[in-house]
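One structure follows; several queries about it will come next.
Chain IDs A, B, C and D follow the sequence of writing; residue 1 opens each chain.
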Amino acid sequence: MIKVGVAGYGVIGQRLADGVALQGDMELVGVADLLPTLSIQALREKGMPYRLFLVEGADRQKFDGLGIPVSGSFAELVGQVDVMLDSSPGGVGLKNKALYEKAGVKAVFQGGEANSVADVFFHGYANYEKGLGANYLKLTSCNTTGLIRTVDCLDRAYGLERVAITIIRRVADPGDYHRGLTNALQIDKAPSHQAVDLMTIMPHVEATGILVHTPVTHGHIITVLARGRDGKKITREMALEAFGKHERIRVVSLARGFLGNASLFRYARDLGNPRGDMYEIGLWEDSVVESGPDVMYAINIPQESVTIPETIDAVRAAFKLQPDSASATSATNKFLGLGKWLKG
Amino acid sequence: MIKVGVAGYGVIGQRLADGVALQGDMELVGVADLLPTLSIQALREKGMPYRLFLVEGADRQKFDGLGIPVSGSFAELVGQVDVMLDSSPGGVGLKNKALYEKAGVKAVFQGGEANSVADVFFHGYANYEKGLGANYLKLTSCNTTGLIRTVDCLDRAYGLERVAITIIRRVADPGDYHRGLTNALQIDKAPSHQAVDLMTIMPHVEATGILVHTPVTHGHIITVLARGRDGKKITREMALEAFGKHERIRVVSLARGFLGNASLFRYARDLGNPRGDMYEIGLWEDSVVESGPDVMYAINIPQESVTIPETIDAVRAAFKLQPDSASATSATNKFLGLGKWLKG
Amino acid sequence: MIKVGVAGYGVIGQRLADGVALQGDMELVGVADLLPTLSIQALREKGMPYRLFLVEGADRQKFDGLGIPVSGSFAELVGQVDVMLDSSPGGVGLKNKALYEKAGVKAVFQGGEANSVADVFFHGYANYEKGLGANYLKLTSCNTTGLIRTVDCLDRAYGLERVAITIIRRVADPGDYHRGLTNALQIDKAPSHQAVDLMTIMPHVEATGILVHTPVTHGHIITVLARGRDGKKITREMALEAFGKHERIRVVSLARGFLGNASLFRYARDLGNPRGDMYEIGLWEDSVVESGPDVMYAINIPQESVTIPETIDAVRAAFKLQPDSASATSATNKFLGLGKWLKG
Amino acid sequence: MIKVGVAGYGVIGQRLADGVALQGDMELVGVADLLPTLSIQALREKGMPYRLFLVEGADRQKFDGLGIPVSGSFAELVGQVDVMLDSSPGGVGLKNKALYEKAGVKAVFQGGEANSVADVFFHGYANYEKGLGANYLKLTSCNTTGLIRTVDCLDRAYGLERVAITIIRRVADPGDYHRGLTNALQIDKAPSHQAVDLMTIMPHVEATGILVHTPVTHGHIITVLARGRDGKKITREMALEAFGKHERIRVVSLARGFLGNASLFRYARDLGNPRGDMYEIGLWEDSVVESGPDVMYAINIPQESVTIPETIDAVRAAFKLQPDSASATSATNKFLGLGKWLKG
């Protein structure tokens, strides 16, 4: 049993904790945070299923005042684990790394940290083998994680040469007030970092892209134009066949009622998934079109939860729990209950 | 055990089914619908925890094509129950009523039906006794249900003479595409029906109000200005004391991080509540202010789930399971797990 | 001719400059700003109808690089005027005041400054006489300005004792990206500052209120519950009669197609008003309702332009151009073309 | 002087009327509509700069009741013109065509009509010559019109083989309440009609695309991936050089403050353009990127006004006012004041 701690019990940290708790070969030791946020207050109301540790600078009295039990300090948590999943605010992970190094524990960082924090920039499907035995890994960001699932999928099946992406980005998470956008589409300097990151993970594929922020909270949509290696034609049917077998891609359709990103969120809520989360990306069957040698398609990225499976894959790589991507992702998927819908 | 069926497995119907299934003295026989919506597809993916019956006009082949098991016709469902909870689209309930009458089953309708469909226009706290033994009851709408919780609460504690409300209404539910509003506030003719409905349920209180639609999906906010009977002063402290004991009102604060309607949705998701639902309304401690003899406050109405407890109260009234409002709402609350946060 | 300068050529400053330029008894000397914003770039593309001066800290080269002519320094502008209209970012006005005092020029500040910056907290209708001859005046904020138009209107006609308001606030201006709100309603601590400010301007009226931010950009909506002095009944007809004669209140209706705040913006665009602006607030005829002794109504506040007329009134007061509110507002209105629609 | 009438004084019709009125070689005879909409009420408040005619089914009394002068019937308008610009709701244009044929007047329809209504599917730059002398022409839709400006521009300069587009579509116009989207991105079946339409107008270019609706009201954003004919490389500099000379394309940049679609609307308002309109599309310099042989860029489509210039081009073609695209678009641009910013 790999002993795991989580630093930062926010949007991502909560879901990391839940995901780890579901793994049969991992044990969640506890979570750490700075403030008695709503998420921590909810943890208390649920009866503290996870032990809470306080990072440096936390005001213990505030937690006491709200009746929130504290199990110790961040250093104590780090001292009890084999690996930390660090989902602290961007930049804090680098500071934490010193503690991890001192304690001799491995760590997996999220996309908000600088690449330099880690030895390996990691994706569970596209470069699992690079992470084998590594001490410090950094996950791709939410958009890049979901995007690479599909690019890697086509690349493994048929070979890819080039992709061009348009990222229609949700601007805030549900419950955010500190950022937002009202009646505006905001554009970023091109190429988007997701295209650049894709090339870092998959250096044999050339990528470019443009990102536009939109005033919604549930799920980015990305359109992808992909070209087969050496101009080899990938038909609509070929693409759908490959996507249809992937355990972290849900092929959905307008005809069945999936009209946009809000449908996937609603469906996940109706499924009874905790928090209405979905680990899979959605891929619209009706969006897959050919143009000459190219194939184009659109996917939905559930930004709050999409990186959880690949982060758990990273733990598998760091401890060499499985030798390769196929067996590692399969193990993660089994514990998370992914892919069951494929069988009926 | 009261045998209960649900007509219409949409936003409200799903939640009614879940709520009934939690009651120790009720049994959910099944649910009925017309189309294989996303909610029905989710029911199938969950393994059909509830049996599905098809209403007249449903195309059985569509359900078969999606592998959705069907247990029979709507008439068959009606034939097996003591009471139907009807959350069909507005107007359909009236048509269904003929079937209910023929089969000799009672029914509780939602706010979208005309008042004339029912013998009693019902609220679990404000007029439970009127529903005792009734055959056809209609619930107040979501806003009115939540609003009356607070108005009845102050009225019971101190006596009320008059309220004026402003309803800041969410325009669509999460997952809706057929309606919506973009960068606009839309105003309705005054007085709003909620004020009129309140006077029907609580004829000794005079009410008026204005409703404005806003482009959000999670939770209406209502401001209420209340005046004590015969001008009797109700202080901020008196109001908060009464609200603080109510099992279907959560007193929240800006200081604890509840900054708006999205915070309550986020908190309910973090609590792990199915679908991120909350049965309680939120009431902001920081919004309670006095002005001369009046007290003003703001509440949050979780529109998808708020009427579930009062609908279950209506079943209790129809079958005289409890003799009065206090014992009936207490039974419903116990089975739904409401009020536990009050004790710590 | 009163010589007028404008500090800060942003959302408000541009409109102040345009409004002053329309006054037959005032002369716009120039405007001042720090950066070559889009508004300044537009000024250049229009051929510099107003002379531009640079405040301290401005980088002249940036302006030169964009081909924007500069007429001098802020101090030079201040040296050529009788009065400065200061619409700098909040807090900067106080710093600027030292310059104004040194140069012996009067100034009118906008609502974002602290009250202490000015000798008089001013509204053109409600307390014009207090501003007569004053050197430093501060305007009420956009919401308070529009709100007081209606409260003063009823108070003059019939006498008022008390108001309770709910402010449904637009969260950002069109073109803003630095602030915004996405799918959330955000609540502020009560009472809202607008209620408190109203009592400062009109101390004989008691006021309270709650403010909720909403994700829209055009026009706040405020609901007002008003009670006549000593409980004297103000009927719907009495209220509409008084509002209907006011040159800065447009009585509109749902029946004519004014469905919300976006209709008023659209109408102003269709009128050909520069920037689609409207100086008048909208008041919905269909929103006016009675409840016992109280009358309730809803108004629309065009936040970008509503304070312009009252700011010009402030100049009239400072220089005693007119002896009282009636004659001063009438002069401002005539030059701005207000009230013409009242005559047909 | 070509005598022009406008059918349908809505979002597009108003702007067509204004655009025609600016042409030195055209005369606006009048406009026709069915209902006394806000736009018609605004026309009255402006003093009826255009004569109004009523289409069949209009209730004259409603216009009289609002004091709106009526100049005659639709048939009378048609009898006085050489050409009708038909911006009626989709489908009505086809019905109107019978009247136009009977009266022997030409007509230009907007994108909402079926292609079969016209002899020529028209774009002022891409296929002006096809429209020479035609009796019935149909404009491309707003997105296609703006998109083709850029595709034709690159094609003329360097030759194009293929484009793939992602349309990030505004879901409603400012002032719309009958449609809207709240916190959702909605996807359409691919390929989008804009890609198909582009191939109809420019048959030598292959196109595909995906369209996503977003909850904003000002301006679609389209990303375009373009490939040179026979794989000929078009560099970023080449693309920008061609775009930079186009009188209906404004090259803008993030550095100058154009952060998204809302910046272009704000800039047009600050320019003092009527209704805050812009005839030009925006093209972000910072979005232009290369990937292998492809060049990618993002444009902004001001949906309310973008088709006005090309519609006027269509009148030029129908009456052979100019022999070719270059001279015709140049004439239209001169009268509309386009391209002046290019000279500084």
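By definition in this document, a contact is a pair of C-beta atoms (placed from the backbone, for glycine too) under 8 Å apart; a residue touches a chain by one contact, two chains touch by 3 or more.
The model shown is predicted, which means the values in this text are computed figures rather than measured ones.
**Student:** Starting from the Cα centroid of chain D, hunt down the chain whose centroid lies farthest away.
**Tutor:** Of all chains, B has its centre farthest from that of chain D.
**Student:** Per the definition at the top, count C-beta pairs in contact and tell me whether A-D or C-D has more.
**Tutor:** Result of the comparison of A-D and C-D: A-D.
**Student:** Distance from the CA centroid of chain C to that of chain D, rounded to the nearest Å?
**Tutor:** 36
**Student:** Measuring centre to centre with CA averages, how many angstrom lie between chain A and chain C?
**Tutor:** 47
**Student:** How many angstrom between the C-alpha centroids of chain D and chain A?
**Tutor:** So the centre of chain A lies 42 Å away from the centre of chain D.
**Student:** Quick check on chain A: which residues sit in contact with 2+ other chains?
**Tutor:** 174-177, 182-184, 186, 215-218, 259-260, 262 - these are the residues of chain A that touch more than one other chain.
**Student:** In their complex, what parts of chain D are in touch with chain A?
**Tutor:** 162, 164, 166, 168, 183-187, 189-191, 206-210, 212-219, 221, 223, 225, 254, 259-262, 284, 286-292, 294, 296-298
**Student:** Can you tell me which positions in chain B touch chain A when the two form their complex?
**Tutor:** 14, 37-39, 41-43, 45-46, 66-67, 174-177, 182-183, 218, 256-260, 262-263, 265-267, 269-272, 274-276, 341, 344
**Student:** Help me check something: in the complex, which residues belonging to chain A touch chain C?
**Tutor:** By the definition above, chain A touches chain C via 171-172, 174-177, 179-184, 186, 215-217.
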